[in-house]
Amino acid sequence: MDHPSFPRCLLAVALAGGLSLSGLAGAADTIKIGVAGPMTGGYAAFGEQFWRGASQAAEDINAAGGINGKQIELVKGDDACEPKQATAVANRLLDQDKVAAVVGHFCSSSTIPASEVYADAGVLVITPGSTNPKVTERGLVTVFRMCGRDDQQGPLAADFIVKELKAKKIAVVHDKDTYGQGIADAMRDRLKELKADNRVVLYEGLTRGEKDFNALVTKIKASGADTVYFGGLYNEAGPLLRQLREQGLKVNFLSGDGSLDPAIVTAAGGPQFVEGAYMTSVREARNIPASQAVVKKMKDAGFDPSGFTLYAYASLQAIADSMKGAKTSDGAKLAKWLKSHTVPTVLGPKSWDGKGDLKDTSFSLFVWEPDGTYKEMRK
Amino acid sequence: MPSTAASPATRGVRWNPVFRQAVLEATAAFALALLLLGPIVGLVLDGYEVKNELQRPLLIAAIIAVGRFLVTLAMHTPTGQAALERFNARRRQPGILVVSISENNRQRWWLLVIVALALSLPFLASKYWLTVLIQAMIYVLLGLGLNIVVGLAGLLDLGYVAFYAVGAYGLALGAQYLDLGFWSALPLAAMLAALFGGILGFPVLRMHGDYLAIVTLGFGEIIRLVLNNWLEFTGGPNGISAPPPQLFGLEFTRTAKDGGMSFHEYFQISYDPLHRFIFIYLALFLIVCLMVVVVTRLRDMPVGRAWEALREDEIACRALGINHVLVKLSAFMMGAMVGGIAGVFFATYQGFINPMSFNFFESALIVAIVVLGGLGSTTGVIVAALVLTVLPELLRAFADYRVFTFGVLMVSMMIWRPRGLIRPRRRAFEVKGLCP
Amino acid sequence: MTTDPIHPPLLEVTGLTMRFGGILALNDVSFEVKRGSISALIGPNGAGKTTVFNCLTGFYKATEGQIALHTSRAAIDLINILGQPFRASDFVNPAAFADRLYYKVFGGTHRVTRAGVARTFQNVRLFKEMTAIENLLVAQHLQLNRNLVAGLLQTAAYRQSERDALERAYAWLKVFGLAEDANRLAGELPYGHQRRLEIARAMCTGPRLLCLDEPAAGLNPRETTELSELIRRLRDEHGVTILLIEHDMGLVMGLSEHIVVLDYGEVIADGDPRTVAHHPAVLAAYLGTEAVNDDAS
Amino acid sequence: MDWHILAQQLVNGLTLGSIYGLIAIGYTMVYGIVGMINFAHGDVYMISAYVTAICLAVLFSFGIDSLPFALLATLATTMLITAAYGWTIERIAYRPLRGAPRLAPLISAIGMSLVLQNGVQLSQGAKTQGVPSLIPATLRFGEGNDFVQITLVQCMIVVVSLTSMAALTWLIQRTSLGRQCRATQQDRRMAAILGIDTDRIISTVFVIGAAMAAIAGVLVTLNYGSFDFYIGFVTGIKAFTAAVLGGIGSLPGAMLGGLILGLSEALFSGMVNTDYKDVFAFSLLVLVLIFRPTGLLGKPEVEKV
C-alpha cells in the first residue's frame, strides 16, 4: 500500500509532537530566559541585534556568578514580526521552555499580542525596542520597556523643526509601520500644539522593503518642502536620503532613533549622502561611559553593537537584577521590584514608572558629520 | 552531467567505468557547488569590505561531492537501482483511486477513534501545543476552503488570504463599530467574505489559468494594502483587537466587561487562560467537522460534480449547458466563505490582528497545503495542514535554520510526491439491478 | 429557401458568415436540418465544417447571419443568446437594452445547449479524471435538484433526484454498451469507448439536435459499423435529430439522408446522398483528393 | 504640474520600469517555455545584488581602481554566477517535476525561494548591505528651482536595459538557439521529435533569465547602493506583474509591461498618493486583463474547440 491512510499520518504527527513535548525538560540549576524577536524575515537584522546583546549579557552575568547562584540559559524565539507567530512563540516559551522572563519582541505589533500572553501567565517581559505607546498603555503589570516611547521623540523633533530650523514647509514621510507612523504622528501632533501644522505640505507613506523612492522624492520637490521628517528605520532612510540628494534637493532631513545607526551610511551609499541629517534618539548607547567595556568586548568579537543590541543587553541586566533583588521569578513581584528600584545598566541607571515606561528617557538631537559619524548637538 | 540510468540487469557491474563516472560527477558537483556558494557563503560582506570565510563553502562543497560520489556508486548496486525503480514507479502512478462505498465504510471506525482523540487532546496537551493545534485547525479550514477553489474547481487562487483577512477584520471591525459579538460576527463575516468573493470573482472568472492566478494575487495584495493604509478605519499597521469568544454570553477573560459575567466566575473556578483555548479548539473542531461533511456532500452534489467537470474541461462543460461563470463563481464564493470563517476564528484566537498576518506568503502556504495534500482530497488537505503547521513548530528546535529547512522540505516533498501525500479517491456508484 | 410555416425544419441557417480577422472562414452559408433526419456536413479539409459547428453550438459568434432553432414552443435565435455587443439603438430602448444586458451577463455557449443542441468534439473531450458514470451525471446537471440546502441536508426529494439521474445514466451506458465501464475513469477507457461515452454524455443533456464532430475518427471498421447502427438507433428510438461532420464517406453515404457540402467556406452542394455524390462541384472539390482515397479504402 | 516635475517623474518611472522589465524577462521566458511561475526568480535577482557587492569589494581590496574594468568584471562575474544559480535551481527543483501536475512546480518554486532567501540570510547576515557610490556624476537640466536632475547611473539603466533587450530579441529572433527556443515554446513534444534537446533549451532559458536578472541586480546595486536579502520578494512580485501586464510569454511585452508599471507607479505616487501606488498598479493589471485577457502584447488566445 502506498497511500498512507489518514490515521497513520495523524499518528506520525502526534508521535512527533509527543516527542518534542517530552524532549525539553529544563535542568534545575539554570534560569531560562526567552529572547524573542524577528530572527527570520525582513526584520531579521533587529532579531540578530537582540540575540547578540542578550547573549553577551548572559555571558557576562554568568561569568559574574549568575543569578542567585543559578546560570542564565537563553532561549531564542522567532516571531518574524508577525502577530500570529508572536503569540505562538510566547506560548512556546512559556509552556515548552518554561522561561522565567522574556527579553522581547521588536515590532510593536508583535509585542502587543505576545505581552498579553506573558501577562496572562504572570511572566515579566521587557521589550528593548517596541516604542508604541500602546505597549504599556493597556494596564498589563508585568510589561516593561527599555526604550523610549514614540510620543516622546516626535515632539522633540517638532520643536527643533519649528524653533531652530524655522521650517516653512514640512514634508512628513513614514514607513506605514507601527513605529515609523507612530513617531511621525507624534511629531505632527506636536506641530499642531505649536500651531504649525499648516506648514505640513505632504504626509505620505512609503513601502518597507522597497529601494526606489524617486517618485516620492520628486513629489517632495514639487511640494516645495524645505524640511523632511521621516518616521522609519535606516533601511529606508538611507536610500531616501540618497535619492533626495541625487535629485538635487537641499532640504533638512530629520528622523528618529530607528535611523540613527552607522548602517545608514552603508544603506545610503556613502557618508556624503547622510551628512547634515538630524536624528532624535536617547543618549547614544555606544558613547556613554557605562557601555564602553561591553562595546569593546563585542567589537573585538566581531559584532558592532549597533541599534538595539545594548538595549537587549540592558533588558537582560534589568531582569537579572530584579531576580537578584526580589529573590523570586514571579512576574508580579519582579514588576513591583523594578518599579521601586533603580537598576544600573549598560545604558546607565534606569528606573520605571507605574506603567512600565522608563522614567528618564531624555531624547536628544544628533547630527551626521561629513566623515560618516554622528555627534550629539549642544542643547 | 551523464545520466545515471543503466540497464536494470546489473548483476555484473563493471566497477571501473562506474567508479570513473562517480569521480567525474563528484568533481563536477564540487566545482558547481564552489561556484554557487563561494561568493555568497564564503565572502561575507562587512560594510564595504568582505570577510574571508572560504572554509565554509569548501566544507559544504566537499560534503556535496562526497555525497554525490556515494549516491552515484549506490545507484549502480542492485539495491540502489531497485530503490530508484520503485521511486520512479511511484511517481508514474495514476493520480486517482476509485473506491466503492463498502470499501469506504470499512474505514469508518477509524474516524471514531480520530474524533475521540481530537476531542480529548485539548485536555491532555499543554497550552502551547493547544495553540499549535488551533493554528493547525485554522489551516485545515483554510485548506478545505481553498481546496474547493483550487482542488475541485481548478481555479488557481493565489490571493486566498484576502478572504481570510476579510473574515478576521470582519470580526474585529464588527466588534469595534457595530458592537458585534463572536457568534453574531461569525455568520456575518462569512457572508461578507462570500460577497467579496462574488464581487472580486465575477469580472475575472472568465480568465484562464495563470492569468486568474496573478489577478487573484493582485486582489490579495490590494486588500492587504487597503487594510494597511486605511488608517482611520482599520487601524493600519497598528492593528486592531478582536473580542474573545463567548459561551452563552460568558466571557473567557480574567475580568468580564461591564455587566458581563466571565466563564470562571460563573462556574466558580479559578481563572485559567487555557479555558479560552479549549473553548476555541472545541468550537473550531466542530466547525471543521461540519465543513468536512459539507465538502464531502458538496462533492457528490450536482454543483460539486460541475466544479470538478469544469476543472477537467471547461469547453466540454459549456457544451453540456453548464454556465461556467456562475459555477466558478459558486466555487469561489464558497471557498471565500470558508476562508472568512477561518479568519473569524483566527482573530478571536489571536485577540489582535494586523495586516502583517495576511501577506502573500500566507496565500502560498495555503496553496501548498492544498497541493501537498493531493488536489481535491479532503483527507489530504487535513494531513497536509497538520504537517505544514506542526512541522515549522517542530523545526523551532533548529532555530536559525527553521525557515531554510522548511523550504528544503517543501521542495523535496514535491519531488517525492508531486501529486501530493494522499491520492484522491472517487466514489464508485452501485445501482441495484442495473450494475453488472 | 422555402419553409413550411407549420412544420418548420428543426434548424435553419441563413447567410452565416464568419470572419477571423481578415480571413473569411464562412461565406453566406445557408442550409436547414429537417426534424428527425440524419444530416451530414462534408467537405475537404479546411472547408469550414467545424467552424459551422462551432457557430451552431455557440462556441463562435457568427459575424453575420441567423441560426434559428425551431423547438415545439418557439424559434430560438442561437446567436442572440450568446450575448451581443451593445448597439447605439439600445441606449434609447430600455427593453432591448435590458435584453442585451441579460444575455451579455448570463448568456453564452451553455444557453445553446439548454435550447436543445448538444455536441461532441473532434478530439474527445471527456472529464478524464472522473468516472464514466460521473461524466453522464454532470451532463444531467440542469435536470437535477440543484438546491444547495436540499443537497446538504440530503432531503428525500434530493435523493430521489440523484437516484433518477443515476438510473438514467446507467440506462444510457447500457444503450451504448458501456455498462461495464461505469466506475472506470473516463481517461482510462479504450479510445472507442471514449468516443461512445462522449455521445452518451451529449444525449444525457436531452437534446433535440445532436451534432457529432467526426464521430468515427480513429475507430476501426468494426467499431465504425457499430457506431453507424448506434446513431441510427438514437434517431429511431430516442427521437433526436442528428447532424454530423465526417470524413468517412462510407459512413456518411450509408447513414445520412441529407448532405451539405462545403468548400472554401461556401455551400457548394446540398441534397440527398445520390444527388450530392454526382454533383459536378463536389466532384471537382474532391477529385484526386479525398473522394478517390475513400473509394479506394 | 510643472514641466520639470513631470519630466523628473517620467525619468523616475523609466528607470524603475526598465529594471522591472529586465527582471520580468526571466518570468516571461520561463513561463513561455515551461508554463510555470518561477517564484524563485526574484530571489535570483537578490543573489545577483549580493554577488555584485562581493565582487566589487574583492576587486577593490586587490587595489584595482580602474572603474570601467571593475564594473565590467563585476558584471561578467555576476552574470556567470547568477546564471549558474538559474541553471542549478531548474535542475534541482523543477526538472524532476516535469510532467507532474501543474501546481507541483509552483510549490517547489516557493520552497526554493525560501531556501535562497534564508540561505543568504544565514551566510551573509540579515542587515542591509551596500556598495559605495561609484559614479556620482549627475546631469542637470534647467535653472533655478525648475530643474531636472538625473544621475548617470539612471541613464545607464535605461540604456543598458534597452540594449540587452534588443540583444535578447535578436538572439531569439535570428539565431539557431532562438529558433529552438521558440520551437520548444510552441510545442515541446514536437520540438523533441525534431531532434531539439528540449531539456537543454529549458536550462538555457533559465540561464538567460538569470543573466538578465543579474544585469538588473548590478544596475540596481549601483543605483540605489543598498540591498538586503529580502529585496527579491517585492521586486519579484512587481516584475511578475509587469510580465503579465505586457502579455506573459512575450519578450517586448515584458519590457513594455515593466515600463508601464514603472511609469504608472511614479506618476500615480507623484500626482495622487504614494500609499496607494501598489493598489493602483494591481488595479491597473486587473483592468488590463479584463479587457485584454492575455496582456498587452500577448497573442489573443484562440479557443481551440
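First chain written, first letter: the chains are A, B, C and D, and each begins at residue 1.
As a working rule, contacts are C-beta pairs under 8 Å (C-beta built on N, C-alpha and C of every residue); 3 or more make two chains touch, one makes a residue touch a chain.
Here the structure is a predicted model, which means the values were calculated and not measured.
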Label of the chain whose CA centroid is most distant from the centroid of chain D: C
Distance-to-centre winner among chains (Cα means, whole assembly as reference): B
Inter-centroid spacing, chain D versus chain C (mean Cα positions, whole Å): 48
Between chain A and chain B, centroid-to-centroid distance (C-alpha), Å: 32
Centroid spacing, where centroids are CA-atom means, of chain A and chain C in whole angstrom: 70
Rounded Å distance between chain B and chain C, as computed from the means of their C-alpha atoms: 42
Where chain B touches two or more other chains at once, by residue number: 48, 95, 229, 315, 400, 403
Residue list for chain C, restricted to those that touch at least two other chains: 59, 121
Where chain A touches two or more other chains at once, by residue number: 40-41, 176, 205, 266
Contacting residues of chain A [partner chain D, same complex]: 40-42, 44-45, 47-48, 176, 204-207, 209-212, 214-219, 221-222, 234-235, 238-239, 242-243, 246-248, 263, 266-270, 272-273
Complex contacts: residues of chain C adjacent to chain B: 57-59, 106, 108-111, 113-114, 118-119, 121, 125-131, 133-135, 137-142, 144-146, 148, 151-152, 154, 162, 166-167, 170-171, 174, 179-180, 182-185, 188, 201-202, 205
Chain B to chain D touching residues, read off their complex: 32, 35-36, 39-41, 43-45, 48-50, 53, 56, 91, 95, 150, 156, 203-204, 206-208, 210-211, 213-215, 217-219, 221-222, 225-226, 229, 315, 360, 364, 367-368, 371-372, 375, 400-401, 403-404, 406-411, 414-415, 418-419
For the chain B and chain A complex, residues of the former touching the latter: 47-48, 90, 93, 97, 107, 110, 113-114, 117, 125-129, 131-132, 135, 228-229, 231, 236-239, 254, 273, 346, 350-354, 356-357, 379, 382-383, 386-387, 390, 393-394, 396-397, 399-400, 402-403, 421-423
Complex contact set, residues of chain A against chain B: 2-7, 9-10, 13-14, 16-17, 20-21, 39-41, 76-78, 81-84, 87-88, 91-92, 94-96, 107-109, 112-113, 116-117, 120-121, 132, 134, 176-178, 181-182, 205, 266
